[in-house]
Every structure is written in structure tokens, then in C-alpha cells.
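The same chain A turns up in both complexes below, where it pairs with chain B and then with chain C.
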Partner chain A sequence: MSTVTRIAREEWRLWLRSKVVVVAALIVAVLLAATSVLTVNRIAAEQSQRIEQQVAAEQTFFAQPDRHPHRMVHYGHYAFRPPPPLAVFEPGVDAVTGQSIFLEGHRQNTAMFADTKAAADLGGFASLTPASLYQLLLPLLLIVLGHAIFLRERESGTLAVMLAQGQSGTRLALGKATALLAVIAIFMIPLIGVAAYSISLGESALAAISLVAGYFVYLCVWGAIVLAASILLKQRAVSLGALIFVWLFAALIVPRFAINASSAAIDAPGKIESDLVMLAEQRKLGDGHNAADPAFMQLQAQVLQQYGVETIEELPINWRGVVASFSEAELTELLNSYAEKRMGLEASQSRLFGLFGVVSPTIAISSASRTLAGTDLATHHRFLRESEDLRFGFVQALNEKHVTALDYQVDLNRNNGEEASRAATINASAWRVLDEFRFAPDSASQRMDRAMLSLAILIAWLIAATGVVYIASRKVKL
Partner chain B sequence: MLGHLTRETRFLIKDRGALFWLLLAFVLSIVAVTFGIAEVSEQRETIATLIKEDAADRANALEGQEDWGSAAYYAFHLTYAPPSDFAFAAMGQRDSSPWKHRVRMLALEGQIHEADTRNADFGLVGRFDFAFLAASVAPLLLILLLYDLRASERTMRRHDLLVATAGSSRSLWLPRALVRVTALVLLLLIPLWVGAMIEGTAASLALQASGIVVASLLVWWLIVELIGRLDASPSILLTSLIGLWLALAIVVPAVSKAAIEAANPVPDGGEILLLQRETVNDAWDLPAEATMEPFVERHPEYADHSEIGEEGFEWKWYYAFQQVGDQVVEPLATQYREARLARDAQAGLASWLSPTSLVERAFEKLAGTDARSMIAYENQVRAYHGELRAFYYPLMFPEEPFDADALSDLPAYDPQES
Partner chain C sequence: MASPLEARSLSLVREGNAVLDGVSFTVAKGEIFALLGGNGAGKSSTLLTFLGFLEPSGGEVLVNGRSVGSDVAAARNAIAYLPEAASLYAHMTAYENLDYFLDLAGKSATKDEIDVALDRVALPNEARSRRLQSYSKGMRQKSAIALALLRETPILLLDEPTSGLDPVAIDEFHDLVKTLAEGGQTVLMVTHDVYGACQVADRVGLLRHGKLVGSFAAENGQRIDTETVHAAFAGREAT
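Moving on to the complex of A and B:
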């Protein structure tokens, strides 16, 4: 048996004899297991519920009776975002954003009914997920286990003996590092289990393995910080105090500070604010319900010329439908430009937040973790974009039916009594224009691309922290 | 006693470790208060801009309208909950619940759940506000300041000597801890007081907030004192204290939260919307009586004006089915609100198990940023929407001739009204 493993085994023997260490490790293990089971169940239930709701929304849409096509534009549709498989580990922003959105003509709605709005308010960080345990609690456990891992040899005088026997400081540190690494490896097991489970749910192996690897690197960073402190500092209490400070700073203070800073640095106006600016512009576009609006005169001239007729009554198509389709396209372009601007500002806020990973590895891992799990802000934005495509798609398809399948005179006459309004409908088979919508997470390689910066920051942390350990251990003297 | 205190103050000034934690508390408090004030003033600015833009937009929308129905259809009205003069200390639910809406006289249930909240990452991580500092971070700092008062003397082998020469342990440990706790409290509170002065917070509010901070730190002091009496090494004491902090600040709130939410299910918001939409949309296909009957039931005063003609489109009917849409989902919407209130009430009880939750909730309550205040704002929006209906209905249903000047009497939203 080499000296390195012997040192590591000795360390483990001591840990297993210490009540504090065993109790702390057991508590963390129980919390981890309980949270994982609860989160897995909750997310699994949500996922099947959302998919059912999506299918049900489509069925109800198809099942609508014969109607005026524009009525179906206002009837609208829903888009649901089922949580991705890895959400069982990292639910991410889903709780904050709301996961369903109502789609209708002339409007872009926000996702409604976020869980947090109805949550029981118990302050700061009241919700525990497997990911937050790994990010916050495991570093603390490593601190409790390892703050004296090296300096206790100094305290008890065994360091002098070992150095005198010709052991180098680096070998000693390597032994201690092995002991800590074994702890980290054991506590990776629940994560590996959850990742394997997510693969069985259809998650890509690449994303799941990268997530596991990311957390492994993160915990190694903390292991190295702990080891470095216990080599550099000479007293247990000082080492523990210093490490608790580092934890407090990295895990609690910097992330919230970064939120304040990025919201102060980049001002992203809310939807109401940007909508108001937009409404003023929109009024210039004309009201798509009113085909006589002067804003459509140019369109009218163009369409009349295209069909070589003099009046809109002579057109072989329904002029009201043409106007509806035209104004929807114009309006959507405007809505999208504002939505993109807003999402762009939010994305840059989040990027700025991610850069604070340089100061706190906890930020780096949490950004990487949300991205790899597919529960980050970028995925939410993609959901908004895709549901907007879905909205525009069915609204325009219905407008197309309005143009071609409904006679102009009959349409004009629609408010004159029951019979006339029944005549101004089209066959319900036309509702089949609605596309099937199944929101899927980004491909693993796209998520990897997005997470690259955060992962690189984490690796830089690991290199820096092990560098400090190496240098400190080479200089170990009595 | 005074002599003991001045002695201990002199010791403290030489203790670099303790000074570091105290300085940290002071800096963090300044940071939290500064960010809080910046955020609050940004929200006020946003509201001021919105008020101006909203009025301009409404004037524009109302211009050239020829009937009551279109006026009500095109005119949006801003509602908002301005941040209180203490909101800088606790942003609370303002990050996850909406505090501004633009509503019009259509079915309210389709509008009130719109959430104009910030970047989702913000709601996820949370802000570094004073409430968080006082509730979660300050106890940790207190632990770091006090845990080794006795144990460090033991390690230095001075403990027994000190106890023997001091006569009573009270004159030894009490002043030492008292000086540190007082220093921590003052350094935390001074920036808060300055912030309160800048914001013009009522003195009684600032006093209550200070009382909460003092009381919570006294509780934590007691905990540290009790654990500190164990004859264990400083690192074991610190480990146990951190474990206790973790349990009280993170585990207990998380477990109570999960239990409360499981015990009080909230109706699925999607269902409220779906039902409301279905009702409003189905009304187009139903005979007008199907809408007018439930409407007249709620508004018997318009019974004589509820006849809808065969020909043409009538705004009366349109707004009646908007109203009926709201009426149909009323039970669900009430249930949603009641469940949120019930969760909040139980969270209030559960927070007695965790000093951190208690402090944060108390701060949010003082700042008017707790769940209750956010629901109160929602009720205000409902009331205002009711006023809009009360304004238009008597004009629209008896078919009073349209008078553009009458629109200057449109009810104005007043955030103070309750």
C-alpha cells in the first residue's frame, strides 16, 4: 500500500470515529435522498400533466364547431412547457416563469401563474432542490470534514515526524486530497443516480454526464480550497472561520449581490412599459378589425390592381380576411421586435450575472447547471419564441381561410340575424390548420455550447485552487 | 460594569478577527441599503413614466370614439402598487408578484393574472436586501463573533485562570459578549437608519425594524451562549452552531414550505383562464338570453335594458358576456386567492419555528411587500375594475347618447384607496 492511500485511509478512520463528522454526513445524505425523491416525483407529475394539458388543448381546438374563422383567432390556444428530464435535479427558473401561455390573435401574452406567486413565503432560500443542496450544503460539509485535515498533523506534532521520515509535503497533501476525493465521490452517487434516471427518461447522455462532471469539478474546487486553507492556516478555529467566511461570501452574498448589480447595470423595461411605447406605434398600423381604416388604403390599391378589378366587392377573395392577415403580420413584426429587445436585455443581464462566476464558483456551477438541465432563462426565451411561432402560424392559417373560404358579402352580412351569422361560418375541418406543439429541450450540444463559459470558469477555479494547494504543500515546513 | 465594558471595548479594538466580522457587517449593510434605495427609486421612476405614458395613450385611444362600447374597449387604465417608504429594506414579493397592470373593461380574470415581473433569474436567486442580511447573514456573523469567547481562552489555557481571577463569570463573559453584540447591532442598523432618513420612513417603523433585528440577534446570542457552554473545542462548537443555523435558516423553512403547500393545494391557474375563455367564447354562439340572464341576475337594475336585438352587433351584449365570464370563474378565482391567503397564514405560524423566516416575514410586513400586501393590491385592481364597470354600465345599458366630455369623469386609479 502506497503512502498516499495509507494517509487517506488514516483520515477516513478518524472521520468515522468523529461523531460530528458522521452526524453531519448522515444529515446531508438524508436531506439529499429525501429532496431527490420529492423532486423526482413532483417533476414527473408535472411533466405528464403538462403533456396531457397540451394534448387536451389541441383536442378542444379541433372539436370547435363551424364558426367564423376570426372567432377562432380569438378563441386561441395554449402552449405548455413540460419540464425537461434533468429538471428532476435542477428545476431552475421554471418555478418563477410560469409554464403555460395563452395564444390568441393580435396579442402576445406572458406566461402566467408562476408557482412562486402562490408559494408559502418563508423568506430567503426556502425551497430545496437537489441542485441547491449540491451547490450550498455539500461545500459546507467538505468544510466541516476538511478544515483541519492537514493542520491537525501540525497540531498533534505528527507533521514533524512525517517530514523527518522523508515524506514530502506534497505527498502528504496528495494523501489528504485522496481522502477528500473519496468523500466527494461518495456524495456524487445520488447525482449519478438522478442523472441515470433522467437518461432513462430520454435525456441525452452527453448533457447528463456533463452535468455530473460539472458538479464533480465544483466539489473538487471546494475540496481544494478547504485543503489549501488547512495547509496555510495554523489553527483549527481560524481555518474553520476563514472557510465559513469564504462559503458565506461565495454561496450567499455574491450571488445576490450579482443580481442587484446586474439589475442596476442593465435596465430591462417591463412588458407594460415597452407595450406602451409599442401601442403608440401600433395605432399607426391601423386596426385589423376595421377594413375601412385609412391605413389600409395602400394595401387596397395594390390588391385591386393585382386582381385587375375596380372595387373590393369584385374581388374573388374576402377583403376583410386580407386586411386581417396583413395587419396581423405587421403587428407581429412590431411585437416581435419589442419582445426580442426585451429578451435581449434580459439575456445580457443574465450573462453579466454569469460573469460573476469569476468571483464565486457557486454562480458558475448554478449557471452551468441550469443551462445543461435545460431550465435556464435562454430555454424559457426559446419557449416564448416557439409559442409565438405557433401563435402566428395558426392565426395566419385561419386568416388564410378567412380570405379564401368565406364570401365577402356573406361576411359583411354576419351581424344581421341568426341565419346570416350562421351563413358566415366555415367548416370545422379548417381548424386542423393548428400545428401540434411539443416543447422539447435544446439538443445536448447546444446546451453544452451555452454552458461552456461557466464550465470554463469552473475549470479555471479548479486549476487556481489546486495550484495554491500545490505551492502551499511544497513549502510545508515545521 | 462600565469599567468592564470599556475594558472589553479596548480588547475588541485589538482583536483583528472580530473587527473583520464587524466591518463586514457594516459594509454589507451599506451595500444592501444602497441597492435597496436604488431599486425603489427605479421602481418609482418606472411608475412615474407609466402614469404619464398611460394618460397620453388613453387620451389618444379615446380620441374620435363614437360610442361607449368602443371607448371602453380601447382605453386601458394603469393600476400599480407604489413601493412603500420602507420597501428599500425588504423587496419581498415584489420580485415575484406583479405590482403593475393595465386593465380595461373586458373580463378581468383574463387580465389580472398577467405577470409583468422581472428577469426570471432575479426571482430565482433573490436580492441582497437588508431583510436577507438581517435574517440570514447577521446570525452567521454573530456566531463567528461569539463562538470562541470561552473556547479560545481554553485553547490559550487562560480560561480557568480568568474565571478564578474575575470573581464572577458574569463580570467576565457578559461584558465581552455584550460589547460584540452591541457593536454588531449598531453597525447593521446605522446604514438602515440613514436609509430610513433618506426615504422618509416613519420613525415608529424604523424603530420596529430595529427592534426586530435586536430581538433576533438576542435569540441567536442565547443559542450561541447555550452551545458555547459545552466543554468542546472551538471548531466543534462552530460546527455545531453552523449546523444549527443551517437547520433553522434553511431546512426548517424548506420543510414547512413543502408541507404547507402540499396541505393547501392552489387551483391550477390554467383552469381559471381556460374556463373564463371558454365562457366568453361560447357566448358568441349562444342566444343572447343565455348571457343576459346571468348578467341581469347580478345587475337587476338593467333588467329593462337587457333586450338584445336580432340585428347587428351590440356592445351591451359584448360586455355582458365579459362580465359573465368573470362571474363563472369567481368561485375558482376566490379559491385561488383564499388558498394563497391560507398558505400565507400557515407560513406565518410556521415561521415561529425559524428565526430567519420570522425576521424576513416581519420585515416584509413592515415594508408592505408580503404576500398579503400583494393580494391587497390585486383586490384594489378588482375594485378599480368594478368602478370602471360602474361608470360605463349606467351609460351603456340604458343607451345614453355618447358624450365624449363625460369621459373626463372616468374613475382614476388611486393607489392609496383600500
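Moving on to the complex of A and C:
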């Protein structure tokens, strides 16, 4: 056994014989296991539930009877975003972005939240997730375990004895680092278990392994910070106080400051706010339900010319359907331009927030964690875009049926009694225009690409913290 | 042949204060040299320069003829050091402590060999498997001395080695140190115990305010005269 391993082993002997340390480690272990089990169960249930709901929504749409096609445009449909497999560890932005959208004509609705399952969810506190435990609690445990890992030797006088046996400060630091590394390795086991479980649910091994590696590097950064403080500072109370302050700063203060700073630097209006601004522009486009709206006069002239007829009654197609289709296309272009602008600003805020990782490793790992798990803002934005494509696709397909499968005169008479109303319908087989929608996370390589900056920041943290440990250990004094 | 320990015009300044000022001495092979002085005289600092823990501001220290500054590792390998506080781990037993520190020194010892060393320092059998947190100061001191014995180095540096020991244990310790010196080990001990120094040492050096102000040697098989050294220590004529 090398002396480095021996030093690490003896550090473990001390920890295991210290009741406080064992109890603290056990509490964290139990918390970690319990949170992992609870989150795994909750996310697994949500995943199967949302997939079932998606299928049920499609079947309900298809099961509608013969109807006027525009009624189906307003009957609408749902798009669900099932949590990706790694959400069992990192639910990410799910809790604040909503996971389902009601899709209908002329509107881009806001994503909605899943039903609240328990009143406790309304308590106003973020729920505990395995990711938050790894990001916040485990660094704290490393501080408790390691704040005196080196300076204890100096305080008790054993440092002189150790150095007098021919050991260098660097070797002693290496031994202590190995002891902390073993702690980190043990606390990686639940995450490895969760990652393996997510792979069994269909997650890419690359993404799962990258997530595990990211957290390993993150905890190593904290281990190095703790060790550096223990080498550089002379009293354990000072070391503990300084490390707790660093933890508060990096894990609690900077992330909240980064949110405020990102919001202040890049003002992104919310969905409701931008909808209100958009309303004025929307009015200029005309009312798609009113084919006689002056906004469609130019369109009318073009269509009449195209078909070589004088009146809309002479058209071989349904003029109301043409207006509905044209109006939907114009409106969607407007809606999309606002949505893209809003999402662009949100993405910029998110990128700026991620850059605060250079000040706080907790921000770096949380950004990387959400991205690798597929629960980041970019994934939510893609869900919004894909669900919008689905919405536009089936609405326009129904408008096309309106144009071609429903006679204009019959359509005009639809409100003249029950018989006329029944005549102004098309066969329910037309509802099959709805595309199947199954939202899936990005490929592992795409997620890796997006997480690369945060991971690079984490590695830079590790190099810097390890460098401080190395330099400090070379200058160890009694 | 080079002396195992030599200080040449050794000076040391710490935080602006002169701790040692031109101290020179040599300790021959098999000799017991005691540096005597009051608190703050620079005794422990002298030991720490031989271990390379403190860097001389002037002059140099040599171990086996080699400057410590040029090869600290060689110096530490040649020296077994017993610090004043007898610092071993309180959460470990004597066996575990000795095994660990020997391992750090690149040595190994069987349980029987450790028992022999502990027998020599008279640490009771029943205590050896207990954690040091239940030990008296003297018992901890004995465990630390056993470590120094097990290192089997040619040089022993002892910092206030009898501090906290009862009179019987002090006598036993002095006998042990003499035996080691007779076996060829070179001993440099620092102490403020005039009687103890005169009992065990072949020579006594008197340090005052960082300067070596006196030296006393045993002659004709007699021990160093305690009264003479005590008077010099106190700064008066012997009666």
C-alpha cells in the first residue's frame, strides 16, 4: 500500500470513529436514497401518464363525429412533454415551465402545469430533488468532513511528526485528497444507480455517463476547495467559517443574484405581456371568421383572378375556408415572430446565467445538469416549437378540408336549422390529418454540445482549485 | 569523518526577531548533547532547523556532513524526532499509531517488534490496544519514544522528552537514551530541566536569547555538575 493510500485510509479511520461524522454522512445518505426513490417514482409515473395522455388525446380527436371542420379547429388537441429518463435525477425547468399545451386555431396557448398531486406542493418551497442534493448538500457534507482534514494535523502537532517521517506536504495533501475522493466516489453510487436506471428507460449512455462525470468533477471541485482551505488556514473554526461562507456565496447567493442580473440585463417580456402587445398587430390582420372582412379584399381579388371568375360564389372552392387558411397562416407568422423573439431573449438570459458559472461552480453544474438531462430551457423551447408545428399542421389541414370538402353555399347556410347544420359537416375520417406527436429529448451529442461551455467552466474550476492545493501543499509550514 | 549533527554560525530570524544568533556546535556519533535554556531561548527552533522545518537566516546546519538545505529528505531519513507534545493520534491505539507512522517513514514492524519497543519504554501491555485518548501524558510520551526507537535512525532529536513523565519514568527514559547512545545513536535533546540534562548528557550547551553562552562536558566518567550548570543557567556564580 502506498503512503498516499495509507494516509487516506487513516483519515477514513478517524471519520468512522467520529460519531458526528458518521451520523452526518448517514443522514445525507438516507436523504439521498429517499429523495432518489421518491423522484424516480414520481417521474416514472409522470412519464407513463403523459405518454398515455398523449395517446388518449389523439384517440379522442379521431373519435369525434362528422363535424364542420372549423369546429374541429376549435375543438383542439393537446401536446404533452413527457419527462426524459434523466428527469428522475434532474427535473430541471419542468416545475416552472409547464409540460402540456392546449393546441387550437388562432392561438398559441401557454404551457400548462401537471395537476398538483398534493397540497404540500403549494407550500412555496422548491421540492428536494436528487440533483439539488448533489448540488447543495453534498458540498456541505464535504465541508463538514474536510474543513480540518489538513489543519487538524497542524493543530494537534502530528503534522511535524508526519513531515519528520520524510513525507512531503504534497504527498500528505495527496493522501488527504484521496480520502476525500473516496467519499465523493461513494456518494456517486446513488447517481450511478439512477443513471443506470435512466438508461434502462431508454436514455443514451453517453448523456447518462456525462451527467455522472459532470457531478463527479463538481464534487471534486468542492473537495479541492475544502482541502485548499484546510491547508492554507491555521484554525479549524476559521476554515469552517470561511468554507460555509464560500458555500453560501457559491450555492445560494450567486445563483439568485445571477437570476436577477440576467433578468435585469436582458428584459424578456412574459407570454401574457407580449400577447397584449401583439393584440394590436393581430387586429390589423383581420378576423378569419369573417370572410367579408376588408382585410381580405386583396386576397379575394387574387383568388378570383386565379380561378377566372367574378364572384366568390362561382369559385370551385369554399371561400370561407380560403380565408380561414390565409388568416391562420398570417396570424401564425405573427405569433411565431413574437414567440421566437421572446424565446430568443429567454435563451440569452439563460446563457448569461450560465456564464455566472465562472463565479459559482454550482451554477456551472446546474446548467450542465439540466442540459444533459434534457430538462433545460432549450428543450422546453423545442417542445413549444414542435407543438406549434403540430398545431399549425392540423389546423391548416382542417382548413384545407374546409376549402375542398365543404361546399361554400352549404357552409353559408349552416346556421339555418338543424338539417342545414348537419349538411355543413365533413366525414370524421378527415380528422386523421392530425399527426402523431411524441416529444423526445435531443440526441446525446446535441445535449453534449449545449452543455460543453458549462462543463468546460467546471473543468477550469477543478484545474484552478487543484492548482491552489498543489501550490499550498508545496509550501506547507508547521 | 563528518559529525552526525553540526550547526555552523546558525542564525534564525522569525517575524523580525532574532531567534538564533550565530550558534555553532557539533554532536559526535554516540554522543548525547543537551541544549539547555529557558522559554524562548531558541532550543526547539534549533531542532526544527535540523529537520528542515525552519530555514536558517544565516549559517547552516548539517546532518552527516550534508547541508540540510540541500537535501531535506536525507536529513529527515536519518533523524527520529520526538516533539514536545508527543503528538500521536488520539483516536488510534498505540499499535495503530506506531504502525502508521512507521509506514509513513517507509518502514514496517511486526506486532512483536512493536511490543519489544513498547516494552523498552515500559508502556503497560493492557494499554497498547486502547486508543491514546485514554492515555496519560506520560503514556503518550512513551508511545512517541517507541516510535523513535522503531525508526532505528542514527540520530535522535528529542524536544523536552521527559516533560509530563513521572520521576520513575524519567529515570527509565534516561537509561534508555544512554543505552541508545552506547549503541551508536547520536542524541540531541533540548530541555529546560537542568537536573535531567546533567544526568543524561555527555555535554550540555546553554542557550540564552538565541546565543550559545556556555558549554559543559562530563569529565573523567563523572556526571556534569548540576550546581555549576544551574548557576550558569540562572546567571550567577556556583556556590
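Please note the rule applied: the second predicted complex is superposed on the first by the 464 of 478 C-alpha atoms of A that agree within 3 Å, B and C clash if a C-alpha of one lies under 4 Å from a C-alpha of the other, contacts with A are read in each partner's own complex, and residues count from 1 in each chain.
The working rule: a contact is a pair of C-beta atoms (placed from the backbone, for glycine too) under 8 Å apart; a residue touches a chain by one contact, two chains touch by 3 or more.
As the structure is a computational prediction, the values presented were derived from the model and not from experiment.
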After the superposition on A, what does A:166 contact: first (chain B), second (chain C), both or neither? second
Does chain B (first) or chain C (second) touch A:10, or do both, or does neither? second
Which of chain B and chain C A:112 touches, first, second, both or neither: first
Check the residue A:260 against both partner chains and state whether it touches chain B (first), chain C (second), both, or neither. first
Counting residues of chain A touched by each partner, does chain B or chain C come out ahead? B
Of the partners chain B and chain C, which touch A:158 in the superposed model: first, second, both, neither? second
For A:38, select first, second, both or neither according to whether it touches chain B, chain C, the two together, or no partner. first
Of chain B, residues touching chain A in the complex: 17, 24, 28, 31, 35, 38-39, 42, 46, 49-50, 53-54, 56-57, 60-61, 78, 92-93, 96-97, 100-102, 113-128, 131-132, 135-137, 140, 144, 148, 151-152, 155, 233-236, 238-240, 242-243, 246, 249-251, 253-254, 256-258, 260-261, 264, 266, 268-270, 273-274, 277, 281, 284-285, 310-313, 336, 339-340, 343-344, 346-347, 350-351, 354, 356-357, 359-361, 364, 370-371
Parts of chain A lying in touch with chain C, wherever the complex brings them together: 1, 3, 6-7, 10, 13-14, 17-18, 156-158, 160-167, 477-478
In the complex, chain C residues that touch chain A: 48, 51, 53, 73, 76-77, 79-81, 83, 85, 87-92, 96, 100-101, 103-106, 144, 147, 151
For the complex, give me every residue of chain A touching chain B. 20, 24, 27, 31, 38, 53, 65, 67, 71, 74-76, 78, 92-93, 95-98, 100, 102, 109-114, 116-128, 136-137, 140, 144, 147-148, 235-241, 244-245, 248, 252-253, 255-260, 263-264, 267-273, 275-277, 279-280, 283, 346, 349-350, 353, 366, 377, 380, 415-418
